[in-house]
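Consider the two complexes below, in which chain A is the common component and chain B and chain C are the respective partners.
Let's turn to the complex of A and B:
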C-alpha cells in the first residue's frame, strides 16, 4: 500500500517538474544514450589531456623506424616517416573536438539568431532576406563550396571552419524559425508585447530560451557532422592545413595499404568510428528526451 | 506456321545482332586484324602536341614520335650520346664556334594531310626548320621554349621585336638551299646541338599550322615514324606512318651493349626498318594504383613504372633491384638513376636566412643554413620515400652527367646533429631568436609528409616546431608561381635535365637567372657567375669539367642548398615487348624501335 502511494507521489512530482528535469530523467534512463555519453566523455578527457600537454605531444616526431609494428614503444605502430600512430591518433582527438565545438557553437548561434529573427518577423523583408540567404547557401554543393572558399581564402588556416559554419547554420535556422513562428502567438509573448518590452528583448530573452531544446539537439548533430566533414575534407586536402587529423591519417594510408601497411587506416578509422557512433547514440537519446511530444 | 515464322524471324534478328556485335568487337580487337599494337602508359596527359608547347615530358614524348628533329640521342647508349636524325651528319662548325651548317636528308616527306595540295605530304625542306624556330619567337604562339634560343641566334630577337613577319629573313637563321640550314650565333653556345634534339625544335609545315590554326595543337602534321589517329585526355593513338623514311637498324650505332642489354630480345630488330608496330596506344593513367593494376592484369597496358609501394611485392632484392623468380618470365625490368636532381634551397633574398647588409649577421645566417644542412638526413629521406635505392651525392651535379665529381667530400650529405647544434650555439642562435621558416608545398599527401620529415629533422637540433610553418598551394603551378615571384624563403624541388650537360643544373644558381628566372635561390656569387659565363662558351673537355666542379664546390661551401639526390627508377614491361623504354633525355624517340614477339 505504501509502495503504491510512493509511486503515485513520484509520478506526481515528475509530472509537475519542468521540461528540463523530465528530459534529464528520461535521458538518464536511456542506456545507449548513457553509454554514448560516457564514451564521448572519455574522448573529451583524451582531448583535454592533449590540450594541457599531458599526452599526445610527440605526434610530429620522426624518430621512429619506418612502418614499425605495434609494440610497447609504439602502441599502434609507426607510419612511413617513423611517426607514432598512437600519438597522432590521440592528438587528432583534440583536433576533432576543436573543429566540432567551434563549428557546432558558431553555427548554432548563427542559426538561432537568424532563425529567430526570420520567425519573429515572418512575412517581412527580414524573413525574405534570411530565407533567400539560406536558399542560396543550400543550393551550392557542400564540397564545391568548401573548395571554392579554400581557394578564395588561400593560406587562411580556418577556411574549412568558415565553410562549415556558413552552411551548417541553415538547418538550425529553419527549425528555429518554425518554432518561433509558433511561439510568437503564445500568451507570454503577447503579454510582453502589451507591456511594451522591446522586440529584440522579447526575441532574445523570452523566445530563444524556449528553443533551447532544439538548439541542443541540433548542436550535437552539427558536432558529429563537422567531425565527419573535417575527416573527408582533410582526406581531400581541403581540411586541416597544419597538424594532424584522422582524415589526414586516412589520406596517408591510401599509399600505405598498397604496401600492406594498415595501422594508420585502422586506428584513424577506429577512433573516428568510436566518437561518431558514441555521439550519435547520445544525440538520439537527447533528441528523444527533449521531444515535447514524448516528455509528459 | 505463323508462330514458326515468328520464331525463325526472332532467331534471325538475334543472329544479326550477335554478328553485329562480333564485327564491332573484331574491328576494335587489333589481334583480329593481325595488327601489332603496343600499349604504353604515362602518368599524365599532354595538354598540347604542338612543338612550341612541348615543355613537359608527356608532350615531348608524343611530339618526338609524330615530328622529326634534326638530332636525337642514341637509343641505347648510356651515358647519353648524340646521333643524327633528320640531319645527314653533325653540323659543320666554324672555328669561332659561331656558325653552324647542317644538311638535311633529302626525300623525307610529311604525312599526307588535307593541308597540303591534293592532300599529299610534301618534302621536308630547310625552310621548314627556319619557320619552326621562328614560331617560338612569334608572340601569338605563346611558345614555352623561346628561352632556349633567346639572345643566342643573330637577328632572331630583333625579328620578334619587329612584329614576327614570317616572310622577312633573319641573318642568323637561314635556309641556304632546300636541304641546307645555316645558324649564326651571337656568342658560342656549345649546347646548341642538344637543343636540336628537343621536341621544341621539331619541324612543322607552315601549311598545316595555317590550315588548322589553334587546332594545330591537337592535330599534328609531321614526318615522324607515327601519325596521330586519336588524342584526348585518356589516350593518344599513334599509327605507323607508311611514308616514314626507310633506315635500317644498326644496333651497334645505337649503343647496343650485349652485356647490358642481353635478354631483352633487341637483337631481333637488327637490320630491320622501323617502326615495327602498327599502332601505339599511349594511355594516360594518373593514379599509380590504377596503372599498376592495368599493367599486372596482363591484357591491358604493357609498360609501367613500378610504384614505390609495390617494390616489396615485385622485387626479391633492392640492391641491385632484382625481380622475383616467379615474375622473371613474365616481365622485363630495367633500373637506372634518373638524369635529374632533388634538392632544397634557401631563397637568399630573405635576409633572415640569406644575404644581409650587416656582414656579422650574414655570417650568422650562413651558419644557420649550414646547421640546417647538417640536420638534414638524406639517408632517411631515401629510405622512406625512395625505397633506399636513390643516389645521394654532394652538390648539384647529378651522376647522370660525366662532370659529376665522385671524389668530392660527403660532409654536406652526412647528418651531424651535434655539429649542427654546436654551429647554432657558436653563432648565438637559440630557440627564441631562430627565424620562422615557411615551407611551401603543393597540396598532396606526399608533399606534406616530406615537410613533416623535414620539420622532424630540424626539431632534433632544437629548432622550435612551431617556427617551421607549412604553406599549402592548391597546385604545382601555384607554388611554382610563388617561387618565381620570390615569395617563399625555402624552395623544395626537383629538376630533370633537358640535356646531359651539367650546365643545365649549374644555371639554376647563376645570378642573372634570379627570380622570375630559374635561379629560385636568388644566389648571386661573383666568382660563381664569372665561372659560369666562362664555361658557357666552352666546348666539353677537362678544362670545362674543372670549372663546373669548382662551381659545385662554391655552392656547397656557401650552404645555399641542401643537395642532392637522384631517384632510381624501375621500369617494367611485358616479356613479349622488345624494347628499352627509357624516356629520360631520349624522350619518346625509342618508340620507333619497339616491337612485339610473335605469340
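Let's turn to the complex of A and C:
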C-alpha cells in the first residue's frame, strides 16, 4: 500500500519537474548515452593528464628502432623514425580535445548570438545580413577556405580553428533563428517589452537561455565534426602545424601501410573512432532527452 | 512564362551571394594571398625589375579594380592561364570536371539510394530489432573517419595484404572495365561514409511522415504496407529528401572529391584544386571558388523548380 503511494509521489514529482530535471532523468536512463559519456570522460582524463604533464610527454622523442613491434617498452610499437606510437596517440588526445572544445564553444556562441539577432529582428536588414553571411560561408568550398585563411593569417598556428569556427556556426545559427522566431511571439517576451526592457536585454537574458537545449546538442555535434575535420585537414597538410594529432599519425601511416606496418594506422584510428563513437552516442542520448517532441 | 520570370528573379537574387563569396575569397586568396613577385625574378633583381614584375602581376593596381577584374573573368569564364602549368584554366577545368563527375556520381547515387532504402526498412520495422540493428550500424558508420575508410578499403581490396583485386591508385581509363576497376574502391569508401548520415536523416524524415493522420487513415482503409510506404509516405517526404540531395551537389563536386582524388591520384577537379592550394595557383583557385558560388545559385533555382514538380501545392513566387 505504502509502495503504491510512493510510486504515485515519484511520478508526480517527475511530471512536475522542469525540462532540465526531466532531461537529466531521461539521460541517466539511456544506457548507450551513459556509456558514451563515461568513455568521453576517460578520454578527458587522458587529455587533462597530458595538459598537466603527467603522461604523453615523450611524443616527439626518437627512442626506439624503426617499426619496433609492440612490447612492454613500446606498448603500440614505434613508427618509421622510432617514435613511441603509444605516447603519440595519448598526446593527440589533448590536441583533439583542444580542437573540439575551442571550435564547439566558440562556434556555438557565435551561432547563438547571430541566430538570435536574426530571429528576433527577422524581416529586417539585420536578418538579411546574417542570412547572406550564412549563405556565403556555406557556399565557399571548406578546404579552400581553410587553406586561404591559413595563408592570410601568415602561418598563425590556430588558423584551422578559426576557419572551423567561422564556418561551423551556420547550422546552429539557422536552428536558433527558427526557435527565436517562435519564442518572439510568446507572452513573456511581450511582457518584457511592455515593461520597457531594452531589446538586447530581452534577447540575451530572456530569449537565448530558452534556446540552451538546441545549443547544447549542437555543441556536441560540432565537437565531433571538428575532430573529424581536423583529421582530414591534417592529412591534407592544412591542419595541425606543430605537435602531433591522430590525423598527422594517419597521414604518416599511409606510407607505412604500404610497407606492411599497421601499428600507427590502427592505433590512431582506434583512438579516433572510440572518441567520435562515444561522443555520437552521448549526443544522440542528449538529443532524445532534450527534445520533448522527438519521435523515435 | 511564369517559370522564366521566376528563374530570372531567382538568378538576380543570387547576385549578392556570388558577390559575397567572390569578395571573401578574393580578399583571403589574392589580396592577402601568396606574393608571386620573387618567384618570377632572377637573382639580385633591381628595384626597377621588381617594379615591372609587380606591375605585370597587377599588384600595384587599386583593390577595387583588381576585384572587378575577377568579376569580369567570372562573367566571361576567362580566367587566364594556370600559374604552374600554363594551361588555360577553363580548358583545365573542362578536362578535369568530367573525371570528377565520373568518379563521384556512382557513389553519390548509391549512397542516397541505399540510404533511402535502409531508412524505409528501418522505419517500417520501427522499434524492432531490424530497426535497432540498422540504426546502430548507422552510428558506427558515422563514427568512422573518411580518411580511415579510404585507407582501410584500399588495404582490404587493393593491396597485397588484402584481396589485391583492384588497382592501388591512379586513373588509367580507356574502357568500361577499366572505369569500373578504378572507381570501385573509392566508391565503396564514399558510400560507406555517407550511408550512416543518409540513413539517419532519411529515417527521421520518413518516421515524421509516418505519424501523420493521413497515413493512419490510409492504414485503416487497408492499404498494403509497402504501397503505403511508397505512395503515402515516401512521396510526401520528397521535399526534405530533394533539399538534402540538391544542396550536397555543389560541394560533392569540389570538396567531396578533393580527399579521394588527392589520395588515389585521380586527375579530377579536386586534385587540381588541391595542387592549386599547395602551389598557390591563384587563377585556378579563383575559377574554382567563383564557379562553385555560381553553381550554388543555380542549385537554389533548380531546387525550387523541383519542389514545384513534386508538390503542386508549392507556388513559385
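Definition applied: the second predicted complex is superposed on the first by the 292 of 296 C-alpha atoms of A that agree within 3 Å, B and C clash if a C-alpha of one lies under 4 Å from a C-alpha of the other, contacts with A are read in each partner's own complex, and residues count from 1 in each chain.
Here is the rule we use: a residue touches a chain if its C-beta (ideal position, glycine included) is under 8 Å from a C-beta of that chain, and two chains touch if they have at least 3 such contacts.
Bear in mind that the values here come from a model prediction, so they are computed numbers and not experimental data.
Trainee: With both structures lined up on chain A, is it a clash or a fit for chain B and chain C?
Mentor: The answer is fit.
Trainee: Look at A:248 in the shared chain and tell me whether it touches chain B only, chain C only, both, or neither; answer first, second, both or neither.
Mentor: first
Trainee: After lining up the shared chain so the two structures overlap, which partner does A:228 touch, if you call chain B first and chain C second: first, second, both or neither?
Mentor: second
Trainee: Using the superposition on chain A described above, determine whether A:151 touches chain B (first), chain C (second), both, or neither.
Mentor: both
Trainee: After the superposition on A, what does A:50 contact: first (chain B), second (chain C), both or neither?
Mentor: A:50 contacts neither chain B nor chain C.
Trainee: After the superposition on A, what does A:258 contact: first (chain B), second (chain C), both or neither?
Mentor: The answer is both, since A:258 touches chain B and chain C.
Trainee: Taking the superposition on A as described, I'd like to know which of chain B and chain C A:237 touches: first, second, both or neither.
Mentor: both
Trainee: Looking at the overlay, what does A:272 touch: chain B (first), chain C (second), both, or neither?
Mentor: second
Trainee: I'd like to know which partner A:281 touches here: chain B for first, chain C for second, both or neither.
Mentor: Touch status of A:281: second partner only.
Trainee: Touch test for A:135: chain B only (first), chain C only (second), both, or neither?
Mentor: second
Trainee: Looking at chain A, does chain B or chain C touch a larger number of its residues?
Mentor: With both complexes superposed on chain A, more residues of chain A are touched by C.
Trainee: Quick check: superposed on A, how many Å separate the nearest Cα atoms of chain B and chain C?
Mentor: 5
Trainee: Which chain A residues lie in the overlap of the chain B contact set and the chain C contact set?
Mentor: 151, 237, 254, 258, 260
Trainee: Mind pulling up the chain B residues that touch chain A in the complex?
Mentor: 288-289, 307-310, 312, 380, 383-385, 443-446, 448-449, 452-453, 455-457, 459-460, 465, 469-474
Trainee: Which residues of chain A touch chain B once you look at their complex with the stated criterion?
Mentor: Touching chain B from chain A are residues 60-63, 66, 80-83, 150-151, 154-155, 237, 241-242, 248, 251-252, 254-256, 258-260.
Trainee: Can you list the chain A residues touching chain C in their complex?
Mentor: 132-133, 135-136, 138-145, 147-149, 151-152, 228, 231-232, 235-238, 247, 250, 253-254, 257-258, 260, 265, 269, 272-273, 276-277, 280-281, 284, 295-296
Trainee: Name, in rising order, each residue of chain C that touches chain A in their complex.
Mentor: Listed in rising order, the residues are 16-17, 20-21, 24-25, 27-29, 32-34, 127, 139-140, 142-148, 151-152, 155, 159, 161, 168, 207-208, 211, 250-251, 254-255, 258-259, 262-263, 273-274, 277-278, 280, 285, 288-289, 292-293, 296.
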